[in-house]
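Down below are the structures I want you to see.
There are two complexes below, and they share subunit A, which is joined by subunit B in the first and by subunit C in the second.
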Partner chain A sequence: MENYRIMKQLGQGVWSRTYMGQQKDTDQLVAMKKFKANSCDEGVDFKALREIKLLSYLQHEHIIRLVDSFATPDMAVVLVYEYAHTSLDQILRNRDIPLSSPDIKQHIRMLLLAMDACHEKQILHRELNPENMFYLEDGTMKLRGFDLARMHDGKPNTLLSPQAFALWYKPPEVLMRSQHYSFSADMWSVGCIFAELMLRRPFLMGQFTELSQLDKIFKVFGTPNESNWPDYAILPLAWHSTVPVPPVAAVSLDGIFTAAPNDAISLLKSILVLDPSNRLTASQALRHPYFSNEPPPTPKGNLILSSPPPEAN
Partner chain B sequence: MTSAALKNFDVSQLPSVKAGMTAKEETIRRRKTCRFIEEAGRILKLPRVANATAMVFFHRFYAKHSFMEHDRFEVAVASILLAAKTEEAPKKLNEIVAKCLELKSTGVSNAGKGAGPVIDPKSEEFAKRKERILLLERVVLHTIGFELSIDHPYKFLVEIIKKLTHTRQLEYKNPQSS
Partner chain C sequence: PSSSCVKELADSQVQSSKTAALKPSMLVGFWRQQMLDWSYLVMDSFGIDREVVAVSFNLLDRYVAEEMKSPIKITREDFQLFSMTSLFIGVKLLESFPRKLTANALVDMSRGFYASEDIVHTEKEILKTLGFYLNPTTTIGFCRLYWDMFPASSSSSSPFPSFG
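Entry: the complex of A and B
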């Protein structure tokens, strides 16, 4: 702790607080996450260890770099990350920042590259959303928020918690309480972010409850049935017949994304699929013609990350 | 730090040997403690990978500290505690400390041959041990430089063995089918 100067608090989570700090020797800006010392005395925080382990294993251009980690005398663990200047959430909300088609292509490409790196190393992220996509000054996107991430060997007997994921980015199988979801669950969130980039607002905004989120999904993609999702009937929630009757048919995405080019919609349609086994993987998505077609993605250095300096706030 | 430290491995440079212990004694203590970790892991029903990781943490710890400086039993328990969390199989601290104290008083070679003396989790001795183990967990973490991702050779061995047994089954089956 003595090597860093804390400048201000950036945020507060259930288990941790984040601060903006500065390395005293180098003046380098860093983000610091302090895990609260747990009062129940189980020793060093399990979630902190998990994150340290995953991040040191996952070194990649588009994944946040862990600069340092240490334990303080009062049992709290502090993780020190490289400092990122803005997040996709802030970019999307700032109406002074234009987002062109080539810009969107670059944003989603960097996310898919990060995702591919995670999945290749068998890591599930489980909390993808625009707030966890950070940007360095040079436009490089850095994925962070590995609080809920975990190794997943793909063995069917490993149970996963349905509590992960932010509501609007939560895949239908997890909403239906599946404990056997896999890498395709992250891809649903990727699809939601892609849609959000094009619409400039969250695509599927359920209101507070998981049922309302499911309802939103089914209104667009149709209710699950034997043909669009053969395995849905074995999911825990399906047993309790919470699936809204009467059945609803899928809406065409072309009608929702009127401004988007055809190849973008084609990619989106192959990612946002109810049946997890039919979603594209990150590496398949990266090979989609959308990325090789014109226009090429904006070079990351040319991405606009903040509004022009004067009168900006 | 560890891979570099082990590259030019020199027994005389081990902290315990420097502090006056013979290299042979050093080895015996390592071996005994690993036997302990193995047995404790079995009792605690830890996955094998957590056991192996605990041993790696323990070995790395005594590459930097001497056996005279820190009690090997407590370091072993701290390594188990840390490894269980690292390998996605966390156990309650009280359970780990209780089972390990029990195993220590029964002795590894007598384990399972009848109940040893049970240590009261409310006793002062228990609380003291627990506190020291918690402190050591952080010392271990610092000593290993937060390097938690440990690659074990076992999975490669298992793959090779699978391949070998697979070929043998083929050899065995072929004469029958012909």
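Entry: the complex of A and C
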């Protein structure tokens, strides 16, 4: 702790507080996450240990860099990250920031590169949303929020918690309480973020409950059946009345994303698929013609990340 | 489930009196073997994946290697505490429900020889000494990676069936 100067508190979670700080020797800005010391006798918070383990394993241009980690005398663990200036959430909400098609292409490209790096190393992120996409000053996107991430090695008896994922980005199989979901679950969230970039508002906004979220999904993609999702019937919640009767047909995404180019819609349609086994993987998505077609993605240094300062008159 | 583990641990302590004549480095090797056997017993009786032992003993070996550089000799009691704590860290890293093996359960298995504060303190020492490098490769981890390189001709031949 003595190597850092704490400047201000940035946020507070259930298990941790985040601060903006400065490394005393180098004046480098950092974000510091302090996991609350456990009141019980269980020592260091296991979520902190896992995040440290995953981040040091996952060193990549588009994944937040862990600068340092240490334990304070009172048993709290502090994770020190490189400092990011803004998040995609802040960019989307700031109406003074224009988002052109080439900009969108760059944002989603950087997310897919990060996702590909995670999945290649068998890591499920499980909490993708615009609030976890951070940006350095030079426009580089850095994925963060690895609190819920875990190694997924495909062992048959590994159960995964359906509690992960933020509601609007939660894939249908997880909403239906599957405990055997996989990397395709993260891809659903990627699809939701891609849609959100084009619409400039969250795409599937369920109201507080998972049932309402499922309902939103089915209204767009149709109710699951033997042809669009052959395995859905074995999911735990398929037996309850989660699937609306009578069945609803899928709506065409072209009608929703009227301003988007065809190749973008084609990519979106291949990612947002009810049946997890039919979703593109991150590396397949990166090879989609959308990324080689004109216009090329905006160079990341040219992305606008904050509103221009008011003109001095 | 821990009663047999308690007995095993006590037995290994008795046996250690026979090893008084061994050289220090051989002594550590002997303790290590005992704690390894004991750790597998604990993992099995708590229903925890044995891969945890592989990870824990990597942490343990690296930590003990550092400790042996210091002039203070490691005692049997130290070694036992280090290995129990490594197991405690390994469970946190790998087990889906880390509360399966609590510090208190470890204290019980040592018949109160160590306090949970000892384990919590040692945990911090180990993490600090290892510089928070917590990603050892294990044999089974290597096999999984290697397996993935085989062409997936039919999913039924995979030892790790996928559930979609």
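Assume the second predicted complex is superposed on the first by the 310 of 313 C-alpha atoms of A that agree within 3 Å, B and C clash if a C-alpha of one lies under 4 Å from a C-alpha of the other, contacts with A are read in each partner's own complex, and residues count from 1 in each chain.
FYI, contacts are C-beta pairs under 8 Å (C-beta built on N, C-alpha and C of every residue); 3 or more make two chains touch, one makes a residue touch a chain.
As the structure is a prediction and not an experimental result, all values here were calculated from the model.
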{"item": "Clash or fit, subunit B versus subunit C on superposed subunit A", "value": "clash"}
{"item": "Touching partner for A:43 - first (subunit B), second (subunit C), both, neither", "value": "both"}
{"item": "Which superposed partner A:145 touches (first subunit B, second subunit C, both, neither)", "value": "neither"}
{"item": "In the superposition, subunit B vs subunit C on subunit A residues touched", "value": "C"}
{"item": "Which of subunit B and subunit C A:172 touches, first, second, both or neither", "value": "neither"}
{"item": "Which superposed partner A:69 touches (first subunit B, second subunit C, both, neither)", "value": "both"}
{"item": "Which superposed partner A:130 touches (first subunit B, second subunit C, both, neither)", "value": "neither"}
{"item": "Subunit C-contacting residues of subunit A that also contact subunit B", "value": "41-44, 46, 49-50, 52-53, 56-57, 69-71, 75"}
{"item": "Residue ranges of subunit A in contact with subunit C within the complex", "value": "41-44, 46, 49-50, 52-53, 56-57, 69-71, 75, 153-156, 158-159, 161, 178, 180, 182, 231, 276-277"}
{"item": "For the subunit C and subunit A complex, residues of the former touching the latter", "value": "88-89, 92-93, 96, 98-99, 102-104, 116-117, 119-120, 123-124, 127-128, 132-135, 141, 144, 160-164"}
{"item": "Subunit B-facing residues of subunit A, complex", "value": "41-44, 46, 49-50, 52-53, 56-57, 69-71, 75, 150-151"}
{"item": "Footprint of subunit A on subunit B - complex, ascending", "value": "81-82, 85-86, 88, 90, 92-93, 130, 133-134, 137-138, 141-142, 146-149"}
